[in-house]
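In what comes next, subunit A is part of two complexes: it sits with subunit B in the first one and with subunit C in the second one.
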Partner chain A sequence: MLTGKSTKSTGVAVKAGSGNRERRHLSLEKGHVAYIMIAPFIIVFCIFSLYTVIYTLYIGFTNLNVLKPTQVKFVGLDNFERFFKNFLPKNLSWEAIKESFDYQKFSVQKKSIVNTWKIWLVNYIPQLGIAMLLSVWFSSSFLKIKLIGFWRSLLYMPNLLMPATVGVIFFKLFQDKMAPANQFLVGILGVWDEGFEFLMNETFSQMLISFIQWWMWYGNTIVILVAGMSSISVSLYESAMIDGAGGVKMFRYITLPSLRPILVYTLVTSLVGGMQMFDIPYLISAEGNPRNSITTIYCLMQRQFQLANAAGSAAAIGVILLLMTTVCSMLIFFLLRDKDAGMERKASRAARKERALRLKGGRA
Partner chain B sequence: MKKLVALVLSLVLVLGVLAACDNGTDETTAATTKAPEGTTAAPVTEPPITNLQGELTVWSFTNELKTMTIAFKAANPDVVVTYVEIPADGGEFRQKAIAAANTAECPDVIGLEAAFVKEFVDADGMLYDISDLKVYADALQTYANTIEVGTNYESGEIRAYSYQTTPGAVFYRRSLALEYFGTDDPTEVQALMADMDKFTEMAATIKEKSGGKTFMVASVDEFRNSYFSNRTDPWFVDDTLVIDPKVDELFEIAKVFRENGYEAAVNQWSEGWFNGMRDALSDAGGNAIQIFCYFLPTWGLPYVLSGNAGDATKGDWGCVAGPQPYQWGGTWVGVMKNAKNPEVAKEFVKFVALDETNLTNWATGVYTHDYLAAIDPELAGPAGEGELKQAAGDFVSSKKVVDAITASFDDSEMSLFLGGQNSYAGFAAAAPNVSARLFQGSDESVQNMLLDAVRQYASGAQTKDEAIATFKDAVAAAFPDKSV
Partner chain C sequence: MATNVKLSQSGHFRLGVARFFIYVVLIVLAIVAIVPVWLVFMNATRSTEEIYQSMSFLPSKSLVSNWNFIMSRDVQMWTGYKNSAIVTVSSTVLTVYFSMLTAYAIEVYNFRFKEFFRRFIYILVLIPQSVAIIGFVQFMSRLHLTNTFWPLIIPAIAAPGSVFFAEQYLKTALVKDLILSARIDGCGEFGIFHRIMIPMAKPGIFTLAIFSFVASWNNFFLPSMILSTTDKYTVPLVVKLLKGDRFRTNVGAVYVGIVMSVLPVIVVFVLLSKQIVGGLTLGALKE
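Moving on to the complex of A and B:
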């Protein structure tokens, strides 16, 4: 790595020596082309993304109703206040604190945040675990699994289905007492005497959505992890084996550290997707039934916008969602940052400074 | 040179992206059909030709209004009509119409579904005042409830009319009625289920005599509309949620039906619900079970019941008004405030909802594929799946027309399905009792939220107070502008 860098810099130095004017001209033109090349994205991004984000922030502070646009007025933090109402215990008594942790007594807004995190975490933790295990197997040059391509595409398959289709299929499977799931459990296996109403049960509904998300996305995570693992040099494993390391140790000390950037990537993309979870819960129940247990933050935002035309309040939820996702992503970047690399950088900077000082000293 | 190429390439890219954002107006205008150059095939009932001129854009969500636009063209050959269909699923149509209302894209005439008609009628600056068409409605004895729906809450202006009215009914299995009550005659069955107490008694009898194999209804979802239609106040009065005493009754009746096993716990629109219509329903254990009756409105007979029942139970159905009069669904038409051509648009609304000839043709199946294809050459071609036509049997909004055509349904396909009973006559008896003044844009969602609470209470998961509190929370969260 270091050697590569130094050759590059010498290359530039040589060029610089050959003629300053020419170099400037070259880099200017290159720069122009680059700007023109990225211009379409920047323009489209500014019009369709940046502007809308800023506008959303603005209407988050108003009471804009789509059907009464003339009555719009600035309402300050009202929308945010309404969202966070009853989040904290009313007072500091033991009873009030206990009540503030009782899911059944949560406001729908509070439920939506808890639901989103719960459904996402229950889906993501096993997703990462199983994807990791399968990708270790798939990329292992010692296990030599046959037909790897076949298995990989088979596991990826659920991700190719439309979420709308998947949502409807699972809804139909568990819909009511006569649903296929009940016919199987009661009629064929004889688990119960009577059908069970799955979708009237809060925990089941949440776990069902977690399962669907897991099932749809673990194949995708496998593909990303396998790509990351195959870029780790085999020689590292070979030398570890010569030193007598077992599978677990190799995973712990070679695979995991080398995968860190890939892990950060999957974690952040999954977090962003998970916080915006909408289609599957919406298709299971547009009203978040039973008892708002599958209302996610995005569902609530959509409901306020589409049912009540309350664009102002919905925009405020969008802003809260954006802030939450941003803060959590930054936290992930911070916690999973490459500490060794940071230290190395610090050390090399210190070394450079020292050398410079020494040089200065020498000249003086 | 390089710069130029790069510039051109990036411009093409930007244009490509922008073009992709355009919502394909080209396609819709391409669907515009030219005014016919003279109708060759003589229609059964020829409407008088007018010399009305201009352009007209109509937006709707089913092909019903498309049929209407073609029929309209026969009578007004000089009007150029553009018809745009946008599906109503998931609120798409409604959203698009709201978004277009204040733009140059604004249509002239818009189809309004029961779920959002009130929202548009009560919104400020959305629909044109067409109260002056009321004289035609009076002449046709248009059912008052359809006009109530189209009337603005504050100003009393009429802003939308409907060509249909959708009273609800109860469809029961004749063979089961004969088996458990010794009669399958609609009058006697209606007497047996004249009110909800009698209806419950009937349910008990059926359960007892069938040994639990036959259920009175599929689920408590069935009679929700009959309770909601009979409230005194709409869900929101002055932006505050009103929980009517009828809601309380619904909670109680649901509990009774659930605890006593009078309902099969098969949700509306589920596979089991449709299977019950063709007598192919089995419980989770695989034992055959039956459902005695279904609550469906006028459109439920041709579109839901007869289609799903097929030959299995054809002729085995009877139709009665049921324990409480109710109403379910319907389509209204209104003129948009920003219509480019309000006068022509008004003529179109008049033609669709308040024209005797048109309503008669509409209900009696005159608008066949061949009839429409003769007016609009673009439809020409072999009739087949997805062809445009309006089958006989839609229940129209004019009492005058209904009275005139009821007898013609004695031998219709739908009457055969009902074992010879003239369904049109049954609906005609129920239509005047229907109240639709409670309509609000938010009804469907509020009612789905309530239904969850009702189920939680009926199944014993929550007490009634808890269930109502959950319901109020859900409404408050979804409707931030309202108080509960």
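Moving on to the complex of A and C:
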């Protein structure tokens, strides 16, 4: 049994309450202005990203040749079939299976995928390990390392250098028998009598590119991990220490779990970047020498497009790469993200909703 | 307190050994970080004969002749600088302005697709859109825009990574009450963005600008697909020319060219390293 007066006052109260909530959620009215503000992004995105992705997909199903644009024909899955040809053993005999694992007999396409993953993994695992170790050292209140800012900046510096230039620098350092690397190993250390042709060796070339990627990126990972570690509450470590936990245990049970979102972030960004590796292998050898051992997926795409003018098969490679990277990064993201935190968030949201409902109901 | 009590004399000794070991590792890593770049700088000052004879960590006297050699060739280092400057400055301005604007809209206003749009941006960060390069180049050539700077500049308006960063940053940096009071004072919505938000978000804008600048300055793949004549080449493409065989006779000059390509970034880094390294984590990891 409500009187008119009390209804009026509750109406005001509800309004004021919702206004407060709006402010807490950092949102203001006048939403129509937002559409004008995001319009440039949306328009440019649709034209230059969305449309080009769809257009690339379309080209991937045609035999478009850049030099003969009028003779374009729809060829269905031909480009994709050609890419994946000889990926699997021809039959189930032991010989065929063994052959399908023999790197030397891989097609360029298969090599490019294997190379890209191999070069990325060989760079990422030590990158994360070393960055983790150094970050623990830097953020330890126990060790008190001096000049942390200086070390961090110095190790981060290669990350800003132009990848094209870095490629040329390392190419020059290992180019031939008279290159600085050989001068050092032969002339100063006397390891060999004669220079070694580094860039003629398949394994060395791959490892060199992994090394360069590591060299350019571990400083970046350190900066990110240190920031993540510094946001972990010190009291957690203190209480663990009182309970008698050692350094390793504290790392395992406090540092690692707290760093999880940041580790997922570095993993995903590194994967997305690593799958698009191009500048450095291309500038060390545009042909992927020796014997396509440093041909990455991007290098292959570029070669199909600019040397063979085969836009169709190049676009197909782009689509394959897009699908592979997206599936992998989404998988990592959903498998490794913090499930507990997600549940908690969901639960608290539900609780908030319920409380709001109860409040409203109670007042009315 | 507890730690001080715990440390016995042997504990101090062990800590000392650990510290020593750590400094050795740090010094080795620092040498690894510097040596390749240092060798290149030194070789830029040495003659071709010296370079082929032995390596050296000390400078020599041929810098001027190497410089003259590379300037006399048609390498067009200065043209490269000019082209890179045009592309980099305009795309950085566009990226910073429109990313901030988009992020501001998501952060501040209530609109129907707000949450959808926010999630959409997050997902875009995870998807490498540059793999659509073939469609992009074909599209540009149909518009007769290949070998111009437009395809390198205009797409900078829609940079999901930058919007993501800007949004994370604005979440913590924005003072809502200022916006409200500005509105009460009769300031227009865009006026609030320009006169209140931009001055307020200066550190974030600086970081965003630095990273878009470096990314655009260092970009090799897209320009190499779009630009076809040497008078349009940006610095990374000029660097690729340096690798060519016609410089086999004067290697020192090649090193001068390499130095010229990295020098601007190194100078900026030495001057602003604190802000750059700090800015790296300004927005990306607030969650």
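The rule is simple: the second predicted complex is superposed on the first by the 308 of 364 C-alpha atoms of A that agree within 3 Å, B and C clash if a C-alpha of one lies under 4 Å from a C-alpha of the other, contacts with A are read in each partner's own complex, and residues count from 1 in each chain.
By our rule, a contact is a pair of C-beta atoms (placed from the backbone, for glycine too) under 8 Å apart; a residue touches a chain by one contact, two chains touch by 3 or more.
The structure displayed is predicted, hence computed values, not measured ones.
Once the two complexes are laid over each other on the shared chain, residue contacts for A:353 go to neither subunit B nor subunit C. By the touch criterion defined above, A:178 reaches both subunit B and subunit C. When the two structures are aligned on the shared chain, A:325 is found in touch with subunit C, with no touch to subunit B.
Of the two partner chains placed around the shared chain by superposition, subunit B and subunit C are both touched by A:187. When the shared chain is aligned, subunit B and subunit C each come close enough to touch A:37. Once chain A of one complex is fitted onto chain A of the other, the partner contacts of A:306 extend to both subunit B and subunit C. In the superposition on chain A, A:200 contacts subunit B only, with no contact to subunit C.
Judged by the touch definition given at the top, the superposed model places A:227 against subunit C, while subunit B stays out of reach. Contact with subunit B, but none with subunit C, is seen for A:65 once the two complexes are overlaid on the shared chain.
Looking at the superposed arrangement, the partner reaching more residues of subunit A, out of subunit B and subunit C, is C. Overlap of the subunit B and subunit C contact sets on subunit A: residues 29, 32-33, 37, 40, 44, 48, 66, 172, 178, 183, 187, 306.
Touching subunit A in their complex are the following residues of subunit C: 2-3, 15, 18-19, 22-23, 26, 29-30, 32-34, 36-37, 39-40, 43, 52, 54-55, 98-99, 101-102, 104-112, 114, 117, 126-139, 154-155, 157-158, 160, 163, 171, 174, 176, 179-180, 183, 189-190, 193, 214, 217-218, 220-221, 224-225, 235-237, 239-240, 242-243, 251, 254-255, 258, 261-262, 265-266, 269, 273-274, 276-277, 280-281, 284-285, 287. Every residue of subunit B that touches subunit A in the complex is listed here, in rising order: 2-3, 6-7, 10, 13-14, 17, 21, 91, 95, 98, 102, 119, 123-126, 219, 264-267, 270-272, 281-286, 442, 445, 448-449, 452, 455-456, 459, 461-462, 470, 473-474, 476-482. Taken in their complex, subunit A has these residues touching subunit C: 22-23, 26-35, 37-38, 40-42, 44-45, 48-49, 51-59, 64, 66, 134, 137, 142-143, 145, 149, 151-158, 160-165, 168-173, 178, 180, 183-184, 187-188, 215, 219-220, 223-224, 227-228, 231, 238, 241-242, 261-262, 265, 268, 272, 275-276, 278-279, 283, 298, 301-302, 305-306, 311, 314-315, 318-319, 321-322, 325-326, 329-330, 333. Contact residues on subunit A toward subunit B in their complex (touch as defined above): 29, 32-33, 36-37, 39-40, 43-44, 48, 63, 65-70, 79, 82, 107-109, 112, 172, 175-179, 182-183, 185-187, 193-195, 197, 200, 285-292, 295, 300, 303-304, 306-310, 313.
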